[in-house]
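Listed below are the structures to be examined.
Presented sequentially are two complexes of subunit A, the first with subunit B as partner and the second with subunit C.
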Partner chain A sequence: MSKPTELTLYVAGQTPKSQAAIRNLERICAENAAQNFVIKVVDLKENPRLAREHNIVAIPTLVRQLPVPIQKIIGDLSDTEKVLVHLQLGSAA
Partner chain B sequence: MTTADPLQDLPFDELRRRLAEAEETLRAIREGDADALVVRAADEDAVFALAGGDESYRALMEAMDIGAVALDGAQQVLYANAALCHLLGCTTAALQRDGLFAQLDPASAQIARETIVRAGDDRHQTQFVQHHRGASRHLVLTAAPLPLAFGTGCALTFTDVTARIEAAAARESERISRAVLTSANEAVVVCDRHGRVTSANAAAAALARTEPAGLAFEDAFPFGFPIGGAILHPGELLAIAADGNEIKGLEASADYLSPPRDLLVSVAPLRLSGEAIGGSVITLVDMSERKDIEKRQTLLMHELDHRVKNTLAMVISICSRTAAGCQDIDDFRGRFVRRIQALAATHNLLTERAWTGVDLAAVVKAELAPYVASTGPSVDIRAMACLVPPNIGIAFGLVLHELATNAVKYGALSRESGTVTVTGAPAGPRRFAVEWRERGGPAVSPPTRHGFGQTLITRSLKGGDGTGAEIAFDPEGVTCRIVIPTE
Partner chain C sequence: MTLAIEKALTGIEGFDEITAGGLPRGRPTLVCGSAGCGKTLFASTFLVNGAREGEPGVFVTFEERPRDIVDNVASLGFDLGGLVEEGRIHIEHIAIDPSELAEVGDYDLEALFMRLELAVEEIGARRIVLDTIESLFSAFQNPAILRAEIRRLFDWLKEKGLTAVITGERGDGTLTRQGLEEYVSDCVILLDHRVHNQVSTRRLRIVKYRGTAHGTNEYPFLIGEDGFSVLPVSSLGLAHKVFDERITSGVPDLDRMLSGGGFHRASSVLVSGVAGSGKSSIAMCFAAAACRAGERALYFSFEESAEQTVRNMRSIGLDVAPMIASGLLRCVAARPTFYSLEMHLAIMLREIARFQPSLVVLDPLSAFLDSGESLEVQAMLLRVVDYLKSKGVTGIFTHLTHDQTIARTDAGLSSLMDAWLLLLNREVNGEFNRQLYLLKARGMAHSNQVREFVMSSEGIRLIEPYLGENGAVTGSARRYEEARVRKDEVERRAAVEALQERVEQRRRKAEAQIAALQFEVAAEEAELNRLVETEAEYRRQSARDADGLAAGRHSFRHTEQAG
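Take a look at the complex of A and B:
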């Protein structure tokens, strides 16, 4: 089995783009089920200090922790192609 | 003292990576990819939403199907939804460039300004009529204070209630029409464009073959029309209305009713809004009563003509027979006038009963009235109540007049001590017997001459079957027995 791709999605409560980002990430993962994803969703509304780990400013932001190097993408992840290319999810397999 | 720059020791590649990340963050914020920000502080980090409230109310406004606009404190347009642009017939750009009031006619703009002022503290609503592109429409304008980040604006909604008001007016109009229809004395039937009865008031329902609602007009009202007339069939009436024409006062008969009715039928197209013909309105006037009255009037005219001719014939007869037995013109005038007066007295009694008949007792009283005084001879009338037809009453009146005239001249009524007793009694089927008995007068001897008076007495009521009069000249007084046909 391939090494897991660790993703952390930073959201802020129920803002429209945070909700959209969660939905879109679930969809992307489902469409790429062959890839081994480990996903964590962090609600910065609950604990803003957790933003410091990845130096998050804009929300929502998706961080690919593994494989290194760390990659970030800001937005609601509605552009699937952009997400796959930007985080090199397709080639990480 | 100098502070060490934390970036000073970072490798160049890391610096470039961080710069790229910072630029990406700025781009994302600028282009709206992010809707929240983390702001780092010395004591506590915080998350702030970016324009979230604004977007939600804009989304809400767009979802509304009524026109909505948000104004700032200076009454500049912050946002207007598509429904308002459609209502005002302008674009969002024009609204934001020229302002709300520039898109309204002066009167509507003034109403909007006043409504905004009144909504300074609380919601305020105004309903008004706007003249828009050559037509009128009813608008409800609602204004409410709108809290903004820097001051207070105003939220306005425009609701076009024209359709609702027109529907209410149409319902009210329909209600009034139905009330008028119901209370109309004339029979009114309304048919749709297919010729089916949609409504008929009570007067119309009474002229229908059966409950008319929902039936074809010709089935509910199968009228007959005069042969050779403009209309031969009820359905043709509706065809005339469907072509936009009218017909007034057409004679028709409803022979299916008992008793049959004579009607006057009128038809006109039922014009809806826009002059479209939606059916027909038929009014029916029941002429039966008027026809009956006309028939009765004609009958009465014939009856009157008949009676006048009879009376004139009788007057001519009385005149000539009176003249035959008179000595001179003065004698004639006296006798003739008294006989005509006797005739007139019975006529008066007949008039009181509308010529349906006359009571014999009343005839006796009327004929003897001129000869009865409190100190003179007495008249005793017994059991004379009997109703007889007009012609019998007239003849009996003349006979009574002749008997009274004889009694005044030669008999019981010529003396104060004289008495006349008139007694009635039934004399079999459809006959009534009257006895005229004089007493207390001078001694009677039979007349030497048979005059008109005696002829009239003995012949006037002679009709066979034992009817007629017999007169006896007994010395103690005249007795006349009369048998009268009562039918």
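Take a look at the complex of A and C:
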């Protein structure tokens, strides 16, 4: 079992972009089940302070807290390959 | 019906004047310019002054850390940290590191808006600053999303009724990088930082201001220790108080050339002349006279150090060192090229505001002409003159001229001045003589004479001109004429004295003769008296003798009868 990859997806309400991002992330996780993904979805509409605390500007934003360094991906994650590259998981998996 | 748009004061000295009230309230204003031209300081001043006046504000920084901003504006005397603690200002640091950011698919900046909204609501902000918008947008790569979000941002600001200042970098040939912000802003201010002759000048121009008339000129502005201030030359007021009071120039002879004695308080006096004509000495006499009257005087020297000024004044019998020591006189020396023109102005105004003098000397004005354009210099001096007048401070300005045949100043200053002393240095018969002429004195009758101006260890004197047959003469020609007159006088007096002596002698001689004659007469009279006396005695004796004889004869006869 590899080290866990902690991912947090920040969305703001039930917007089409947010919903698309959630769907896409779920798909990526399902397709890469070998990875030890720990996923959390944060709706900033419920707590806007988290946007300040976690320094989020764009919606949706996917943050990889672990492994360090922190990596951020903004957008609806529609391109699986790109997401994996930026999460540095593509080839490593 | 047209309603004047509502405005929000920025508290930036001069800016509120040229915009007739500040920035458009509840609307976004774009402040653009290249790096280091003072955008952030403009924005900070706007925000801090708003917060002090009861309009809380949010400072959104995309670049500098909040701590740095607090430190930076502390140099302008703003206690941003204190205002943050009091909840009147909130600093929202939105840092985006493009290196840790990747874009995959469609997104928007909803979280940014949420953060802005949160910050605005937390302190009930009425003002907001976004510094700089480029830093935010350079982090994102999708230009279509970017443009849409810029529009949405400006709409959002208007919707919230926030008076906003958005700072932006200048693009290549355009006002902004995106070329969009200036169209969605209601007001666009361009800041510029130019270097001319190795001296920098900051300028501000209002490019656009919807719904209001505004000056379209470039205004010099400065960032000093007291903050950001714009110098609106065109909005000079002429409503300053007028004084009838007279002040002495420190040269009694000069005061006497003016009817009423001395110059008006709060007037501007120009002392112009060629090199070595005694401009600084006259100026220092004014300052020393103010100090002697117990008032404060401020002497700005742009050519000499303070020590040098003190030493030089000793040569004309004026010791200003005790005045400096007592705090009545303050000498400030700075090379004209040491600061830019606007810095000089800022420093001068600050010194004047702090020292509160009743008289200010600028020696010499002409020094600035080498460091800036004459128009700028004139604008600056106009500002100084105006400032001094508004404060009731007398201004003494010296000006070095190179050609004394033309009564003109390079900076076109003469019209600003209330009085103008022209110092001449004229060559006649192989010697230079200093002369002084009162070219102009507003509101005062004054002498038309060109006076000879003599500086000695006893101070400055203006010698009455010798009005000879060929006009007034000065220098050795005057001294020669005076000597000649003295000689004539002596000769004339000698002749009279000789005559007097002669008459006296004759009188004494006559008296002596009279005395001698009287003596003779007296002697003769005495002789006569003696003769008369002798005669009388003789007669008495003769009578007595006759009587004796007669008696003797009788007795003899008697004796013969008895015998």
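As a working rule, the second predicted complex is superposed on the first by the 89 of 93 C-alpha atoms of A that agree within 3 Å, B and C clash if a C-alpha of one lies under 4 Å from a C-alpha of the other, contacts with A are read in each partner's own complex, and residues count from 1 in each chain.
Rule of thumb we're sticking to: a residue touches a chain if its C-beta (ideal position, glycine included) is under 8 Å from a C-beta of that chain, and two chains touch if they have at least 3 such contacts.
Since the model is a prediction, treat every value here as computed from it, not as a measurement.
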item: Combined model on subunit A where subunit B meets subunit C, clash or fit; value: clash
item: Which superposed partner A:Lys17 touches (first subunit B, second subunit C, both, neither); value: both
item: Touching partner for A:Arg49 - first (subunit B), second (subunit C), both, neither; value: both
item: Which superposed partner A:Leu25 touches (first subunit B, second subunit C, both, neither); value: neither
item: First, second, both or neither for A:Gln71, with subunit B first and subunit C second; value: second
item: Touched partner set for A:Val83, first subunit B, second subunit C, both or neither; value: second
item: Partner contacting more residues of subunit A (subunit B vs subunit C); value: C
item: Against subunit B, colliding segment of subunit C, chosen among 62-70, 278-286, 440-448 or 458-466; value: 62-70
item: Intersection of the subunit A residues that touch subunit B with those that touch subunit C; value: 12, 15, 17, 44-45, 48-49, 51-52, 55-61, 72, 74-76
item: Subunit C contact footprint on subunit A (complex, rising order); value: 10, 12, 15, 17, 20-21, 24, 44-45, 48-49, 51-52, 55-61, 69-79, 82-83, 86
item: Sites on subunit B touched by subunit A in the complex; value: 21, 24-25, 28-29, 33-38, 40, 44-47, 49, 52, 55
item: Residues of subunit A that touch subunit B when the two form their complex; value: 12-13, 15-18, 44-45, 48-49, 51-52, 55-61, 72, 74-76
item: Subunit A-touching residues of subunit C, taken from the complex the two chains share; value: 92, 94-96, 100-112, 114-115, 117-119, 136, 139-140
